[in-house]
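Structures are listed in the sections that come next.
Here chain A shows up in two complexes: once beside chain B, once beside chain C.
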Partner chain A sequence: MDSTIVILAICDGISYAALVFLVSVGLSLIFGVLRIVNVAHGSLYAYGAYMAATLSLLVAPISPWLTFPALLVASVLVGAIVGGLMERFLLRPVYHLEEVLQLLITFAVFMIMDNLQRMIWGVQPIFAAEPVKLLPNISILGVNYTSYQVLLLPLVAVITLFGLRYFLRYTLAGSIIMAVTEDREAATAIGIDARRVFLITFIIGASLAALGGALASPTTSLVPGMGTDMIVLSFAVAATAGLGQIEGAAVTALMIGLARAFIIYIQPELEVLVPYLIMMLVLLIRPMGLFGVNRVRKI
Partner chain B sequence: MSRVLISARGLKIRFGGVIAADGIDLDVLEGENLAIIGPNGAGKTTFLNMATGYLRPQAGTVSFLGQDITALPPRTITKLGIARAFQIPQLFLDQTVLENMMIAAAAHAGSMSAFRHLLDLPERKEVEDLLDLVGVRAFANRKAFELPEGQRKLVDIALALALKPTVLLMDEPTSGVASGEKLGLMDILTSALARQKVSSVFVEHDMDMVERYAHRVAVWSSGKIQVVGPPAEVLKNTEVREHVIGI
Partner chain C sequence: MLVFDKINVSIAGVHVLRNVSFDLPAGSTCALVGHNGAGKTTTVRTIMGFTTSRGVIRLAGEDISPVEPHRRPALGIGYAPEDRRLFSAFTVEENLLLPARVAKLSKDETARRLERAYWVMPELKELAGRPAGSVSGGQGKMVALGRALMLGTRLVILDEPFQGLAPVLAQRYAEALGRLRANDKDITLLITESNPKLVAAFADITLTIERGEIQ
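Then we have the complex of A and B:
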């Protein structure tokens, strides 16, 4: 294999892994605390992307540099508003139901949001590549690559990884989330409002999905169905890592991201297959995932 | 006369064919340690569950300082001032003793800041004093799962005290503790309660503990309270000795 292709594949893999990590760690966090597999997580990714593009196109005429904060604002807006409403009105009423029903309900929410998205943003591809153009290309051993993808995206992912760990381990809110995760009944017994913790956790998880979408928006054209690809892939990452594993999701995202990038250069028709092949192999050998432990409650 | 803190009137609950409470009237008075004794399955724990909102009686009411709390959720009852320690200490095992305490103190204060360091909260001093009070300050930085059962019980009590309760309800505070350590644990426990001016109700099987530490004892049998009174009297009662203590 040509060294240029190797470098390209590594860059593709890393930048893609960063996005997949953001989405799957949100999915994992929500699962760890709420014990719900939220299929509609993919919609939050798509809404994050569309919202970011809309805001970017809005602020770009003022100053193109404003598109960067626009990405962040879009993620928080989608996470807090769309995510908050979703948890409060669609998930909260179904926490006591069986898991299969919860899964079906989040799937229904996903379908509804997908259609709603077509109504709001239409079906024509949307481009908002301003942030990618603003940052210079860098040359890695003679191969040119956008620093947005190969530096900024991984940087955001790493900050998220450490930030999330610090938040959960050392802050008051994070410790309370961990306490509810470990033993909801005991947490309620000491007066913790588990419903509030669920809402806050869901908003954080939803914002991470939206952040993934927002950061992806300048690198790709936004089309209907983009949420579907992402939810399936991030589910594969979360399941391979072990649901609820934060560091595990990072390592697995990198592994799957790189494998997918290499296979695109070697045997492109296998692109879709590779992540699931990895997931299948891992789960056959370790059903709790690569980093999962046999105790159920863990984030 | 002491003030009535918790007042149960006409409590009834049955699980299938088992009648756990069949018209229970019971008062918990300020400043007392009230022991509840009785055969296994008599409904003693059910009473604690009804008084803390975990179970709703099918009839009857529970009030706390005159306020009806029968239908309130456990969290609200905790905030009003009735704390609960379970038979198995309910600690967050992956977190340290100090973190457990800080979470409880912060939960009680109702704060949930995303930016403040857990161990830098203003409640820290108070929490450390409580750990001193029950003698487990030395374990403050150990994870809860590393502690032996007796120490874990003490931390659980400190955790309950961090919620600043008026009454603490305990389910067999000495179960699972080696018999040689029971007296020590109860000494620490009762003096901590007295020091913090917390009244208590405890379900107990060990008559020695009841005799030493309870001010009053209620005998619960077949869903009814057979006798209530000072341990010296109640434990001499022939019927109680035959049916409950089994002598």
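Then we have the complex of A and C:
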């Protein structure tokens, strides 16, 4: 294989893995605490992207550099408002239901949000590439690549990984989330309001999905259905890593991102297949995922 | 101190507690004894608000029935569940401190309560830095008691604390309860147990529950 193609595939893989990691770690965090597989997570990615593009187009005439904070503001807005409302009014009433019913309900929420998205932003592609243009291209062994994708995106992913780990391990709010994750009733017995923890965790997870979408928005045209692609892929990453595994999601996102990028150059028609092939192989051998651990199920 | 007034609990359509009533004076040590499935754990889980119950529960005269489960520990209730349920991601001392941090106790108050837990169970000091997931079952029971003591200033509930303990550890656990009782005469202890002989030595009140009814 040509070395240029290898470098391009590595850059593509790393930048894509960064986005997939942000979405899948949010999905994994929500599952770890709330024990709910949120199919509507993909909508939060799409809403993050659309909101970021809307804000970017709004602030770019004032100063193109304002598009960077716009990406962050969009993530927080979508995470806090859309995520907060989703948890409070759509998911909270179904926590006591069977898992399969929860899954169906989050799927219904996903469909509703997808249609709402079409009503708000329409079906025509939206472009808002300002942040990518503002940062220079860099040359890697003679191959030019945007520093936005090959440096900024992985940097945000790494900061998120370590930030999340620090937050969960060394802050009181993080310790409370860890306690609820491990045993909701025991956590309540020491005074923790599990419902509040669910809401906060969902907002964090939703913000991460929206951040993934916001960061992706300058690199692609926004079209309906972008959330579907991402939720399926991020679910594959989360399931391959083992649901609830943060570091595992990072490693798996990188693995799947690189595999997908290489296959695009080698055998493009297999692009869609490869992530799920990896997931299937891993789950056949280790049903709990690469980094998951067997738990004794409490009944 | 703790009053149960005609408490009824149904779980999945099964009537588990039937008109359970009792009144525990402050400073008493009560043993709630009964066979497996008699309703002991449901009784203590009802005090903690983990079941849907009918009837009135009073703590120091206050009706706590409408109080949300996560607000009950702040009333001075400490609870050590039957199966320990420690947070394995934390060390033993972090398990002890977390309730105080959640309750936003002052540093001095936290230190005082931690000191009390260590005084009652000196073994915990040696385990302080160990991951909670690595301690033995018996040690875990001690840690669960220590954690309950961090919030239990009025009422400490111990669900089957002696179950599965080796005789030596059961002896140490009983000694720890003796120290707690001697040190704090106002605290109310509610201990559930299948084997009445194990608690006969230090219980002032023994309630027998069978098929969800106090005998």
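Operating definition for what follows: the second predicted complex is superposed on the first by the 295 of 299 C-alpha atoms of A that agree within 3 Å, B and C clash if a C-alpha of one lies under 4 Å from a C-alpha of the other, contacts with A are read in each partner's own complex, and residues count from 1 in each chain.
Operating definition for what follows: contacts are C-beta pairs under 8 Å (C-beta built on N, C-alpha and C of every residue); 3 or more make two chains touch, one makes a residue touch a chain.
Given the structure is predicted, the values throughout are model-derived calculations rather than measurements.
Aligning the two structures on chain A places chain B and chain C in a clash. In the superposition on chain A, A:190 contacts both chain B and chain C. Shared-chain residue A:178: touches chain B and chain C both.
By the touch criterion stated above, A:170 is placed in contact with chain B alone, chain C being left untouched. Of the two partners chain B and chain C, it is B that touches the larger number of chain A residues.
Of the two partner chains, neither chain B nor chain C is touched by A:42. For the superposition on chain A, the stretches of chain B under consideration are 41-49, 113-121 or 239-247; the one running into chain C is 41-49. Where the contact sets of chain A with chain B and with chain C meet, they give residues 172, 175-176, 178-179, 182-183, 185-193. Touching chain A in their complex are the following residues of chain C: 48-50, 68-71, 73-74, 79, 81, 85-90, 94, 98-99, 101-103, 147, 150-151. Remark: chain A residues 172, 175-176, 178-179, 182-183, 185-194 touch chain C in the complex. Chain B contributes residues 74-75, 78-79, 84, 86, 90-95, 99, 102-104, 106-108, 111-119, 121, 159, 162-163 to its touches with chain A in the complex. Within the complex formed with chain B, the residues of chain A that make contact are 167, 170-176, 178-179, 182-183, 185-193, 196-197, 200.
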